[in-house]
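Presented sequentially are two complexes of chain A, the first with chain B as partner and the second with chain C.
== the complex of A and B ==
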């Protein structure tokens, strides 16, 4: 099962379902009324996020899932200084994304 | 092997931003207000004073409760915060209109910082939760927009001002046109009165709600202080503790003493908000005590008079004073009552039966006949939650009577009774056999009338080992008896 996330300019990213389960309240989307057919992709739009930010947020989801389920020492999640502010705003906005996904 | 969860994206981004000071400061003009608390808290924890200074200058909320972050006083951090406040008036270009109204240096409003930390993956992002969080940020003690910024601090002054306090006072003194320095709770320990005067000249005396005086001041010092007491119009709680034996008797005539105390006591008529009064080891003449209770304009919730001797006239004044008829807490610990006629005290208990929640009569040297007199009134004090009779000379029979009279006191959660007189031998030492027999018997008596929640029977403190023998469903003996 995969999820397609679409940024502000229509750029698409596809994630494995397990990564999206990091986000709470998206169960309504992933297991909402009616079962999805195998391999069906569910879309959700993140209109507030630029593509590079959306990519970084998704990279973080992957990083978090990896180290949540793995007991190895946690490596650094690299953030370029010039993107720190944008990512900070995206990180804050990430909480609000749960509502959007829940409403899908 | 790591057992830790990875940091949140918010934490990672905040830490990355703060690693570059110039970048962090330049980012403030574009930073959404909702992110200010998280960034400020992390910068504070890392001691990044330049960033703190810049953030205070553009703080987007009415209140900045920085005191709750200050676990220990740190002068450099305080200076940075106050420098930021200075920038509020010196900035030529204000990216935002000044929002900050109150700088709170007290250790309160912890939830302000926790609310914003909760904006993570596990946070509740329902519409109601987000709305509530926004309201919390705006919620501050209600202050209308004022020209002057309000800086709120509690002060504990011990022996001398520390560098933190000195800096704050000097800073506020130099900015009196722009800053109102308010102190909600002030504690003064053995500080020279001229230092206290300097402090009170900077603070707004009418901001003080709680004042604790532990001093060995001379009479002239007290006279100097009196003029400030009458300006503390919002004082709710006053604690006076004597630290010197001759507080009011140093090198002055009895007539001077009387005049001074009369003036001091008369100030109580101006304290219209006073609710809690404690006097520990502080005693005035009976006439002055009477005057004091007559001066009180509003009913007290708490009266604590400890470590002194009351006269019969004092006890009469207590029972007749209307300002004491709504007491919730009465503490007469270590006040010798043994040679006093107890009926006025019974009348006092009767008048507060509907409100009294705690009654402390520990170490009052009461005897059987006095306690018996109090029992009918005590049995009506149905709101009592805490009752202490330790260190009084009460026999087994009267203790049983007391316990029967507590049948209706169903709110009690903490009861402390003395071990009966029969537990002691001729030398005044605890007789172990009798103690282990009689205290359980008393417990059984109590259980026949109600189910107690927290009860103990305790002996006097042992002179040798300074411990008590205690029975509270199990026996704990003092070191000497073990």
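== the complex of A and C ==
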């Protein structure tokens, strides 16, 4: 089951649904009512993120899902210093949205 | 006297998982002292583990074989050649390339060890390089051993041969460390109150003497970008040196007793120091602030008690490679694993008479050496780092605290980047 994520300039990435479930601020959208057919793609907008940032965020979620289930040999996740600050702000923004939605 | 804060139930703290042990053979009957493991070290590429086994012997074992032995033979493993040979494959073709175990008799009690490997791009700082005796090749892995009489011997790890003998210190060489940038600059810390900087690419020429300590120097550590060196010693000394100009940057004040171990975090933003005053302090090396305190005795001792024999000396401290965990050894027979941001250990393990500790190159194992010449290994607590922490490490590797403070971001983010943890009460013993 796949999900499509769309960034600020319309770039699209397609991910496994399990990975997207970590993005809790869109939980409502992902676990919607009804059953979906196999291979059906659902869209999810992240219009505040630039494409290279969205790519890195998705790579992180994949990394996290992989090593949460198997934490024996966690490898390094490298982030270039130029993008690190924007990524930090984006990650904080995600957390804030998550809290806002959880408290609603 | 308690080992943990009163609000903590000691039984609820998770026990760290033991990986294995390397037990020393029985001591020679006529020797009562000299059997301590003063230092343990892992090679930078993870290929070897070395420890000073006491009685002048240094043992070098191929690390992956050692781990395999722990898994195959259960956790106990007495170190003699025969047990390692059992699992080694006897194929003639592969034998030459496999790393071999070495036992080196250094001729005197070994107090310090350090691995160094060269990176060919780094030029020696000396101009005339034609007449050098040693050409350090791409594959060279060196082991420096600091001895009781002040000498430093440099060995080739793959062949076990002696390469250089550095003579200048007149007292015990208590700690050795290579610059992480592969330039084969070696710094030695000695009880003669000095540190010396040696250029191994220039035949071991001694480039500089760092003076400033008033008493024994116990330990030294380079920052990951090789720009700073921290040296700690008796009489509460914690000094930071600029390693481009070899000047002292600042003295960090706060400990109440001898400071015996130090280590930088992998992004260079934090410095951990361990002292006989029962505490580990986590400092910001760029401005000298104390960010965290890891206590080993509760209630915390008053300065007079902290400055004397309090039975709770902290002997070793080491930062893990994820920049989130710190390990400490104390005289209350425990190894503690701490997490940055929490003032209570996340895991503990029993260890009697621990003297030194080091994380393996991949950060998954902690090795600790003891007074009887043995070494014990535990699995490090692992967790997937948060995206925020990964970003923080990436930023801090290239930016000191002063530059971080100028970033146009909200104050909470600045605090996070500066590793500032809000405490409700001030540190005890400080105004």
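In this section, the second predicted complex is superposed on the first by the 92 of 104 C-alpha atoms of A that agree within 3 Å, B and C clash if a C-alpha of one lies under 4 Å from a C-alpha of the other, contacts with A are read in each partner's own complex, and residues count from 1 in each chain.
We take it that a residue touches a chain if its C-beta (ideal position, glycine included) is under 8 Å from a C-beta of that chain, and two chains touch if they have at least 3 such contacts.
Note that this is a predicted model, so its numbers are computed, not measured.
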Touch check for A:64: first (chain B), second (chain C), both, or neither?
both
The answer to whether chain B or chain C touches more of chain A is B
Please write out, lowest number first, the residues of chain A touched by both chain B and chain C across the two complexes.
57, 60, 63-64, 67-68, 71-74, 77, 79, 81, 84-85, 87-89, 91-92
Given the complex, residues on chain C that touch chain A span 322, 362, 364, 382-388, 390-392, 394-395, 397-399, 407, 409, 413, 416-417
Enumerate the contact residues on chain A facing chain B in the complex.
22-25, 57, 60, 63-64, 67-68, 71-74, 77, 79, 81-82, 84-85, 87-92, 94-96, 98-99
In the complex, chain B residues that touch chain A
1-10, 12-14, 16-17, 19-20, 23, 27, 30-32, 34-35, 39, 119-123, 125-127, 130
Residue numbers of chain A touching chain C in their complex, please.
57, 60, 63-64, 67-68, 71-74, 77-81, 84-85, 87-89, 91-92
